Amino acid sequence: MDEGQDALHVRVGCELAYDVASPTPAVFLVRPEDGGRHRVVRESWSTEPAAIFHDYTDLFGNACRRLTLPPGPVRVSYDAIVRTSSALDAVDWNVEQHLVQDLPDEVLVYTLPSRYCLSDVLAKRALELFGSAPRGRACVQAICDWVHDHIAFEMGTSTPLTTAVDVFDSGIGVCRDYAHLAITFCRALNIPARYVFGYLPDIDVPPPYPTMDFCAWFEAYLGGMWWTFDPRNNDQRKGRIRIASGRDALDVAMVTTYGASTLNSMTVWADEITDGGSPAREHH
Amino acid sequence: MDEGQDALHVRVGCELAYDVASPTPAVFLVRPEDGGRHRVVRESWSTEPAAIFHDYTDLFGNACRRLTLPPGPVRVSYDAIVRTSSALDAVDWNVEQHLVQDLPDEVLVYTLPSRYCLSDVLAKRALELFGSAPRGRACVQAICDWVHDHIAFEMGTSTPLTTAVDVFDSGIGVCRDYAHLAITFCRALNIPARYVFGYLPDIDVPPPYPTMDFCAWFEAYLGGMWWTFDPRNNDQRKGRIRIASGRDALDVAMVTTYGASTLNSMTVWADEITDGGSPAREHH
Amino acid sequence: MDEGQDALHVRVGCELAYDVASPTPAVFLVRPEDGGRHRVVRESWSTEPAAIFHDYTDLFGNACRRLTLPPGPVRVSYDAIVRTSSALDAVDWNVEQHLVQDLPDEVLVYTLPSRYCLSDVLAKRALELFGSAPRGRACVQAICDWVHDHIAFEMGTSTPLTTAVDVFDSGIGVCRDYAHLAITFCRALNIPARYVFGYLPDIDVPPPYPTMDFCAWFEAYLGGMWWTFDPRNNDQRKGRIRIASGRDALDVAMVTTYGASTLNSMTVWADEITDGGSPAREHH
Amino acid sequence: MDEGQDALHVRVGCELAYDVASPTPAVFLVRPEDGGRHRVVRESWSTEPAAIFHDYTDLFGNACRRLTLPPGPVRVSYDAIVRTSSALDAVDWNVEQHLVQDLPDEVLVYTLPSRYCLSDVLAKRALELFGSAPRGRACVQAICDWVHDHIAFEMGTSTPLTTAVDVFDSGIGVCRDYAHLAITFCRALNIPARYVFGYLPDIDVPPPYPTMDFCAWFEAYLGGMWWTFDPRNNDQRKGRIRIASGRDALDVAMVTTYGASTLNSMTVWADEITDGGSPAREHH
């Protein structure tokens, strides 16, 4: 990580308020992952009433926080200041696409279909749309362009059951759906792709774009590395802070609850801070 | 109908063999429709063992033959000689597309989704693919071209549950599926379209095309008339003999049976004849 | 119709407010059908601004009103007083189920799958659940009981794309979905069934039931007649006023619009009146 | 493992013949897993022509063999003799179901939906069918009984796209589908369940059962251990030899190939041997 004068400080976090009918086990993925381009400078986690938690690492390497929500009104909040590079998402047009036989073993799982990314169903369509595109980064970019241009962003259009095929058919979705469809096309072409979600501050973004705070994108494996792609915004961004990744949104839900609780409100923030501590704006 | 020197004689028919476990009501659509471009010159219908039938006209104007298959082995056959025009499918590039408000009342039903033609699901996709195409015949032709080019013909790929959306996703199908997808796009653009099936002899067709005999295509309503389109062959043909039409394949199954029978074999023929009586080739 | 002292007077109607971007053809099904158990005593239809309409009868015998909504804000309203029998929905436990071979020709169409009623998909399930039930009315009632007991009523859970299979899987729906699933099971068992919608006043209904006004139910063909079944309420009701029927909700949408209009509000009323003219309650 | 007089020897293996158009990366899961109840006594692996392979362990702990099939006709075969316990599948009716909060971290992944096991879609149905069953093993057994009784075994009915929901709707499937549906119900009830496939010799099985050789079943996590359940056979069996497990059939395909190869034939064997070496019967 670049710790020099180019460092960016971002305040990230979220607050969730539940009404819990009976003790409800839950798993949270809200902490920025360790390593990579960023470092957590300061963080606080709280539950009201207090609840014991423990952390573990899931199959995909994500740091999960597990606790049981007690009955009654419960408030869970996470707040952190993260130092990260001020550089835009990295781009290298010369990275090459691997032959499947050259992929590392642990990457193969990201070439297969998953709950929401039905690359088996759309295999022929993917080949038809992108089979004659140049290989490598250009191919993934062609996929992102297509998805960006052919899916209309509409809040409230997708449900927890919406797959990439539904989105391909209907032509509407949210950032999760853009990522799912692009991942699906990549896998159908044997390019490993994984779903990522994290905080995305609104830095140097022209007005028409809505504030996103919390966002899903994806990574494709090219030239021996995972590269960031964001078909929703379809642009390089600053300050993207990765929380977790997996095969699709199902592997990396921000919160998974088991049982009788109602989520009453959720607030997420991701704001650049300039004095190393105060938030750029308040969230309620 | 042109009865002059340009008349074409086609022998059409089919033979179906069943094993019937208990009396099985059935409805057959195998007779060329009356009127239109062709006239049935001679026909025979037989069931072994003999079974009483009666004819009726369904909601869509098709002549249905209804009977009850008796238990045991049953053979149903229809054979006819039809005189028809030797002209190719009619084409007029100047026919105009109607505004919905100008469509006749009885045509409106062909603008709606149906069992297999889910124009509601693919509405946005249709607009995106063809919304900027010229209107009228050119638009329907653009749809046929797209379907012809983007669906791979593969026998045995579709089941009685396969919808136009499945075909759009998978990119494979048979003539029924080509018709369903093209109809779906037409309706999504408010062009009335109906499913047609009939006999299609193999006249002046270059070798690569397989013999089809029995085929599905569709009609679009333009300039006050229904026009033939065939996205599977995507070419004008001679001697197309219409049996029935409806909203989709469900409305006009060749045979609908209720109950415990097994279809053991089905043979269909549609061959040009040159001496007014003998078949051009034998079918077994 | 019983015009004696048992007659019931019901005020029915609806008001719809649209914002129309460009001239929008529309078809309305809001008038109680002629004949049957009820008679329209007085009615008024209005559009603001005024719009010319014409009426026609669709494939299923329903009286459709067709007009083109002009650009700008448009208000369409229908209000009527209907005299109907005060008797509950008719019930006869002795009506017999027809063999398919004994069904009238025009009834056969209601044995087939349709857009929302995928009796082909659920064929085996239907047989398994109800195949050993007594035949006839008892079988249809067993279907209604199952649907009533296994589907949870939840507003806002179904979309225009929700089929009976979706409802069977999820176990939730609204009155339209209850009707679709029951119809699906009936057809899978070769009992003709059709979708009905109409006004349903809230007469002698115990408190827990919500006011419905506008409702979907279905009819099954038994003993040579169509009989009313309502798996949502699963009880006999008074004053049910039929508007239209068809294979499923797609054939008989209350309003079908073609084009660029937004429905801003819809109010429906169906209230018993006691002095032959004033509404029992006001709707806004 | 019991190595005493009760040991059972089973010869297992498979032979696959491909026509390969261009070098085709492939991953094979055909070796009995190490550990557990059995031990591989002798084994041979061969490819004709010879191909280099390497082994790795996937996310779910399975031993995968990875190689690239060379162009031309290719034959891959695996043959082994395995010593295993002669005991039936273990059963303990007293094992308790864990509260979710008491499940080990690494087991949580098996409570979530997956590609074929859409426990989110069937959540309400599962609760309705089994919510009032006793908890623990009795609940899982009730699920197996239901699946065994409500799904008809029919070869050739499921495709690589068939999900547990499709099977729930259609009521037909093969052993893979039985396992998927039972897993789906378990997860919907918060009982961790994973898909297993392996060799299943035909020992002491009454005649009506078909020979299976290669089979899918599942495991449920109860009382701190994974227990075998087989809703297809729904009976305890001898000599079950586990190859791999995962969330569903997608995670543990016997062979995953990337590219242009055609599988011409596949033979699988799993036969008890009595002299420690010769197969009980020949496979071709």
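Read from first to last, the chains carry the letters A, B, C and D; within each, the first residue is number 1.
Criterion: contacts are C-beta pairs under 8 Å (C-beta built on N, C-alpha and C of every residue); 3 or more make two chains touch, one makes a residue touch a chain.
Keep in mind that what you see is a predicted model, and the values were worked out from it rather than measured.
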item: From subunit C, the most remote chain by mean C-alpha position; value: D
item: Same or different contact residues where subunit B meets its copy subunit A, judged by the half mark; value: same
item: Mean-CA-position distance for subunit C and subunit A (Å); value: 45
item: Whole-Å gap separating subunit A and subunit B, where each centre is the average of the chain's CA atoms; value: 48
item: Whole-Å gap between the CA centroids of subunit B and subunit C; value: 33
item: For subunit A, residues that touch 2 or more chains besides their own; value: 121
item: Arrangement of touching chains [line / ring / star / complete / other]; value: ring
item: Interchain contacts, given as pairs of chains that touch; value: A-B, A-D, B-C, C-D
item: Of all residues in subunit C, those that touch subunit D in their complex; value: 121-122, 124-125, 128, 150, 152, 165, 168-172
item: Parts of subunit D lying in touch with subunit A, wherever the complex brings them together; value: 23, 25, 27, 56, 58-60, 64, 66, 68, 99-101, 105-106, 108-109, 111-115, 118, 120-121, 160-161, 190, 250-251, 256, 258-259
